């Protein structure tokens, strides 16, 4: 049992982290909150008068706002769907006995180490470019019209690129979880004459549930602020079809230099992110205690 | 007893998984190939690229002539390792305390820490920029080390926490019963069990810091610019540029790729976030 | 120091190396255009002569603009020399964000710089940026393809309708040649640099005399409909991701029959080391439509010194080296005269070495001198600028409209929707900024 002394020591040990994170959260957040009530445009200097809720009004009525919300959801949801399902299948596959598993694992894990900017640039130019990219050459070779990825399926293309980067992460976590599965339990089920499908549903999937929640939580945190991939491929376009919330705030505060409105957008994004966070925490909290 | 598997089935699995692995790995492989081609060859159809005979390292020398690679590389190393070390220094005591002296609110504190990670960086760039300007640490490694440490701290704490939690408390009790001092307890009992988790956490954090492209681009100009800034200067073509872009990309990702491959066993072992019991 | 700056040129720089009080470390931000890449390559000569060290930050145009603007507007002081355009220079100069550059010395020969270029980079009678190169726009075409199709290149300015007819005849996608390549990548400095003059030609304007946006006008609709139809029928696939650099690569690779773009690209296209069409390229004026006003743009890339720089004197040394007559000659001698930075100095055009190597020299010069930012539209407007509007708010509006145009080009929405969205956005921005109620 923890004594009072050890409690005090524990508090002392936690405090640097808590203080730093609190400062990291409150100082910029406070400033952002403050800016969000000012008319503050970097390129038209002068007094920055207090204008109340005006920035919030402009941001929320921005025609791009709705599109950005939907795109953010589609992007996060799409990537989660692909990586969780794909990752589960990859993990099941890699769990089978085979030769050269180490080499195959090394190949599968590689995209996780690639910088987002590099992967965006490489997919955009070397693969998805309709004139010189590999997909274009392949389509021509098969006698088809090359697909112009970023004009016809822009958001899907981004989802694809991001999924490529995150698939290894999901695969690794799920594979580790799968390998910790009690073999005897599986064999017992096999003896009982359970088919592979029912073994998967009744034995493996429940065992993987925790790992899947972890994958969802961690990836959501990163996927909500996807930025570099969009910046180097589509710049949020065409139109607003690949503008997510992060990118919209970037446009307001760093392309239009309207720091006031960008800050209002930041505050709104923080509120939304926290709603998602609470939701996720509930989900994962339940799963982690179990 | 291990399940017995027929050789033919094992061959099939190997072939299938190998093909899939190769497909996933292909983009990385492809830029390595393109980086050793001439610009004219690099835009040809895939088969023509493979069977064109000329191999050349001219793109690498062109990239090196234009950008000071060693400088960017060194900055990346300092920033990634620096932020990781500093992060571990702060996170280890915190995670330790939360794992071994859990209080009622521990889980809430942990969840709150994770939620700070959801702050969209663009929303707070201008405030940070202004603060950094006033502190005079724009375009400095120190400034970047601090920012990257802060944004990854929640992940570090959480990873370490889930790892430490797996260490059974009874082991400690037993050591204490045997009359071990706190120092001995840490060195002989805890460290061997905790080090793999810390190594894995450090590795993941180095990867994340190495690849971070928002803060590193916006808070640096020349002196502290890491490899993410180096690659940004190749993002739009000047004439034919596939070979040069490939060479620059290979130079930017190779160090972390190699590190990741060599240490993948350590990385994977701790990359469970408590998902495996 | 004053003396060193006054006695300019290679010899003066050698002297500066011995007289310069302290060696400075300069941070230079620039775009990754080919002319700037050459400057970066040659700059080691400046470093040797002056003793200063240069740190280069080379970025793509949009990223550069964002980084530089953030830094200069917050007074971050990260850069000592920045690359800016004819849009930023007067606005930023008027806001005292830039150091004045009227004292680079007699040897710098201000009178040698073309007057419209100088005026475009000045505010309140002071020069705030020195031109690295200047450009207008004209039409590149492939002489071999025109000949094959039996088309005479026009001598007079043709209309966009006539242009479309020509493009239709040379369009040959089966042989990998597209009738025309135009900018589609969203951005006020990218697709809007082509669309802006196009709209001018169709008689449109951004704002009326009371600053009310007029993007939903029939003129805009006619221009955009023309643009989208032209590109869909005769443009390369994925045109909405092609900016200046992408199109230049396509044209140099022989994939385009025509291309209306910056005159400054001519040095690249005519350079056999870079381009496969160097001896089969010709040029004529950018087309007109209902008016010939504002049909060729005016732009200059220039170097400036942020007021927040702590090394203004050393930065000035670099500026007067990199935009001097001697620098032009240095490029001419080391990289070939065709690659010399165009459009800034009379001495370049008086040099037979240049006019011989660059057959386009005279046409380029005439286009630049003819472009008049103060009178670029059929109807009267309260602003200056051909392809941009010289107010701070324009960046945001231009970028948004650029995105909408790109979406229409990509087929994600109709021209009408794009124009309605753009008009709505422009009205919001102008209201927010207090121009209109």
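Each chain carries a letter (A, B and C) given by its place in the written order, and its residues are counted from 1.
Here, a residue touches a chain if its C-beta (ideal position, glycine included) is under 8 Å from a C-beta of that chain, and two chains touch if they have at least 3 such contacts.
Computed from a prediction, not measured in an experiment: that's the story for all the values here.
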| item | value |
| --- | --- |
| Farthest-lying chain, centroid of Cα atoms versus that of chain B | C |
| A-C against A-B, pair bridged by the larger set of C-beta contacts | A-B |
| Interchain centroid distance [CA atoms averaged], chain B/chain C, Å | 39 |
| Whole-Å separation of chain centres (CA-atom averages), chain A against chain C | 37 |
| Intercentroid distance (Cα basis), chain B paired with chain A, Å | 16 |
| Chain C, residues touching no fewer than two other chains | 63, 70, 74 |
| Multi-partner residues of chain B (each touching 2 or more other chains) | 43, 126, 130, 232, 234-235, 237 |
| For chain A, residues contacting two or more additional chains | 42, 254 |
| Chain A residues within the chain C interface of the complex | 41-45, 58, 61-63, 124, 129-131, 136, 145-146, 148-152, 154, 231, 234-241, 251, 254-258 |
| Of all residues in chain B, those that touch chain C in their complex | 43, 65-67, 126, 129-130, 133, 138-139, 217-218, 221-223, 225, 229, 232-241 |
| Contacting residues of chain C [partner chain A, same complex] | 62-63, 66, 69-70, 73-74, 91, 95, 185-187, 236-241, 250, 255, 392-393, 395-396, 399, 403-404, 406-413, 418, 421, 424-425, 428-429, 432-433 |
| Of chain C, residues touching chain B in the complex | 27, 29, 32-34, 37, 40-41, 55-61, 63, 67, 70-71, 74-79, 243, 245-246, 248-249, 252-253, 268, 274-275 |
| Chain B-facing residues of chain A, complex | 2, 6-7, 9-11, 13-14, 16-18, 20-21, 24-25, 27-29, 31-32, 35, 42, 90, 93-94, 96-101, 103-119, 121-123, 125-127, 132, 134, 137-138, 140-141, 164, 167-169, 172-173, 175-177, 180, 183, 187, 210-211, 213-215, 217-218, 221, 224-225, 227-228, 232, 245-246, 249-250, 253-254, 259, 262-263, 265-267, 269-270, 273-274, 276-278, 281, 285, 288 |
